[in-house]
Amino acid sequence: MILVITPGIPNLPYVLKEGIKHFLLVAEPVTQQLLPGLYINGWGYNGYIPGPTIQVFQGDNVNIRVYNKLSEPTSVHWHGLDVPNVMDGVPEVEPSPRIDPNHYFDYQFKITNPPGSHMYHTHYHTAKQEMMGLGGTFIILDPPQKQSIIQRDYFMMLQEFAVIGMKKGTLSPGTYNLEPLSHDLNFFTINGRCFPYTIPLLVKKDENIRIRIGNLGMNAHPIHLHGHQFIVTATDGNSFLESNQYLKNTILVGAGETYDTQFYTNNPGIWPLHCHIPHHLSNNSTTNTGGMFTTVTYTEK
Amino acid sequence: MILVITPGIPNLPYVLKEGIKHFLLVAEPVTQQLLPGLYINGWGYNGYIPGPTIQVFQGDNVNIRVYNKLSEPTSVHWHGLDVPNVMDGVPEVEPSPRIDPNHYFDYQFKITNPPGSHMYHTHYHTAKQEMMGLGGTFIILDPPQKQSIIQRDYFMMLQEFAVIGMKKGTLSPGTYNLEPLSHDLNFFTINGRCFPYTIPLLVKKDENIRIRIGNLGMNAHPIHLHGHQFIVTATDGNSFLESNQYLKNTILVGAGETYDTQFYTNNPGIWPLHCHIPHHLSNNSTTNTGGMFTTVTYTEK
Amino acid sequence: MILVITPGIPNLPYVLKEGIKHFLLVAEPVTQQLLPGLYINGWGYNGYIPGPTIQVFQGDNVNIRVYNKLSEPTSVHWHGLDVPNVMDGVPEVEPSPRIDPNHYFDYQFKITNPPGSHMYHTHYHTAKQEMMGLGGTFIILDPPQKQSIIQRDYFMMLQEFAVIGMKKGTLSPGTYNLEPLSHDLNFFTINGRCFPYTIPLLVKKDENIRIRIGNLGMNAHPIHLHGHQFIVTATDGNSFLESNQYLKNTILVGAGETYDTQFYTNNPGIWPLHCHIPHHLSNNSTTNTGGMFTTVTYTEK
């Protein structure tokens, strides 16, 4: 069995007690490094934007304690998971609690969805809190007894930020604030980093690679892979029938969507993998390649 | 047989005369209430934005009189329907008439498309008139003799507005004008209302629910359902082969697209159903949940 | 065998030498006429924005010399083609050369992908250079020996431009500069032209028409056809299994995506074919129909 790798982002550890996997997520201010020396004052979980990746199995019973160290209430929604209403995390309409500052709530549920790629994120003052960075990855792994053809399994979380205090067309080291309700998005991240600070996805020749993509930003991002075609195998945690899988090299991933893809490594090199919206390849409207761009890098020929 | 419900929007009545269903749409200024006490001066049909929902059967012969009470010419396009060119409603290029103020035109055609979800909207000075609100829903119903597993059938029309005269980040009761060519969209509606003024979609446990979604706005809206997975059954009025239906919990609906979905009510509660673009969950950039957000609400457990 | 027609844009000629098709693309400043008398100072290939259409067969060996007459370095990426890394055209990360001004590079590769619709574009200072216009169409044709049911085969390249120096809501003849990093897009083109200067796609009754759509802009454009339904047959150069083809009248084409469609001409007339985003039907926020709009025009009944 292989775990999913979210480059640059740790997996969330758990403690197994009486048949329940206990996780701890701390919602808190996070100073996230987007580029060497360039930081944003955002909000994340356990020191990361996006938060640590949660990985479980179908049938697991989980207790995810969310501790709120923010200056305002929050909640967590388990996006894509069919949980009971009281655990769904939308306090403004559901019988699911608002977590006040310095309080916590134990989200307890059984994983009933089949293996697939999901996300978690705030659902309190959502427009603001999501754009401050409060989201993460939630994977229901293939069962360990299942023979998988996959050698490496990656997740890419797409986010966008409106960073203020930096003149458009310039890039200066420093620590900057966000304006979460501004439409003027100027930094575009994969797993919390902008190119060239993104981490390459390493592969070897003759492997089956899975890349899972999730979007917690504003725009639908068309993610383009060079040198290969993706086989699209699942969306929103739901596998396609094998007869309905299809080939793409550019996958339009809307906010709140996930897509799972596979490809076979038969073309050695260093291959761009990026959002195809031109401005999303720029850091704050500068001309060098930046933003939502990484590479699939063969480590040997 | 069940009719489609567009919560908050009436169905358009008709008179059957000599085998033809006669409808009357009046294009006119409409003061639409987006939120309690907050109105926009828009343009709609028969007093509503979006206009009343038209529901017909395949094979019907219809005469839809469009009377223009606006201050400028208009037309109506039957979006998705394969009508004769003269009835298609694009006077700038087609042999289809421009309807001058205080004039009308009788759009006459036979419904040849199969059952499905379509829309109608202006196609004269389209960029302006659509963004003033001139659109509505057009359903070709399943035939009455067809046994349907569907217990409730809803339509959600997505629209967006650039409301002027209100300071960003504030909400004040009043009546406001639109700037239809402005890109600065600040109100996001489902069937002409913003949350919390949207009307919940009521369901009971153990029902098959159909939700149809249409978009007459600018952005592609990813519509996310909590607690359940959608079965996607049709798009643009065209059913998928049953073997090609697929599961989603977030459906990206582009402007001009429609999607039909089904789900089974096996998870009681009050479940958010909303656009997943963070800023579209806000009314005029305020922080409380607003905009393109409603709920699927179980009325009993 | 029929070639693909990109209305208003020539096909790129080649010289066959020793089994290799030799093409020449010149990257250079181009003054492109968007509307009668209204020009932009953009960048294109061989005098056109988008550049000439390249049409080859699977198995062809090609040598595409790219000569750089721009004032800064450039490169060309063969978007969607599985070429060797050194020929992929992303000098910032790949072992693929940067082409300095007044220099050239010979991109040499064998066409290994199956028949389908692809694109080519700059991949150096991509955010800027793509928004200056540096892109074009790349078709791998169906093999000549294959019996095709297609009578006419069209390509539509979608692009967007931020034209400066013209007051919003006005249109004046003249020659204008672009601001490639501006988000304030005001001109929306099909094959380098805005309506009413776009060129109709001519058809006759009882033909099978293929329309291929590619997007090298910023937004995902939902392309809507009146009076007919599209059969969607391929995406990103990859054909769907026939059992997975589906019907649409509005196809959301993200930046970097291509879609191939077919339809049968059974409904004579002049039929709009356009982006359904309201503002994209306007030239510089004026109210008459403009922008990303053309027609499918029957030349006889």
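The chains carry the letters A, B and C, assigned in the order they are written, with residues numbered from 1 in each.
By definition in this document, contacts are C-beta pairs under 8 Å (C-beta built on N, C-alpha and C of every residue); 3 or more make two chains touch, one makes a residue touch a chain.
All figures in this text were calculated on a predicted structure; none of them were measured in a lab.
Trainee: Same or different, please, for the chain A to chain B contact, judged on whether over half of the interface numbers appear on both copies.
Mentor: Both copies, chain A as well as chain B, present different residues to each other, with under half of the numbers appearing on both sides.
Trainee: Any idea what the CA-fit rotation angle from chain A to chain C is, to the nearest 5 degrees?
Mentor: It works out to 120 degrees.
Trainee: Chain A to chain B: how many Å between their CA centres?
Mentor: Comparing mean C-alpha positions, chain B is 32 Å from chain A.
Trainee: Mind pulling the residue numbers of chain C that touch at least two other chains?
Mentor: In chain C, the residues touching two or more other chains are 220, 243-244, 252.
Trainee: Quick check on the complex: what are the chain B residues that touch chain A?
Mentor: 168-169, 184, 220, 222, 224, 226-229, 243-244, 246-250, 252, 267-272, 276-282, 285, 287-289, 291, 295
Trainee: In the complex of these two chains, what residues of chain A are touching chain B?
Mentor: Touch list, chain A to chain B: 77, 79-80, 82-86, 88, 90, 92-95, 123, 125-128, 130-131, 180-181, 183, 217-218, 220, 235-238, 240-241, 243-244, 252, 254-257.
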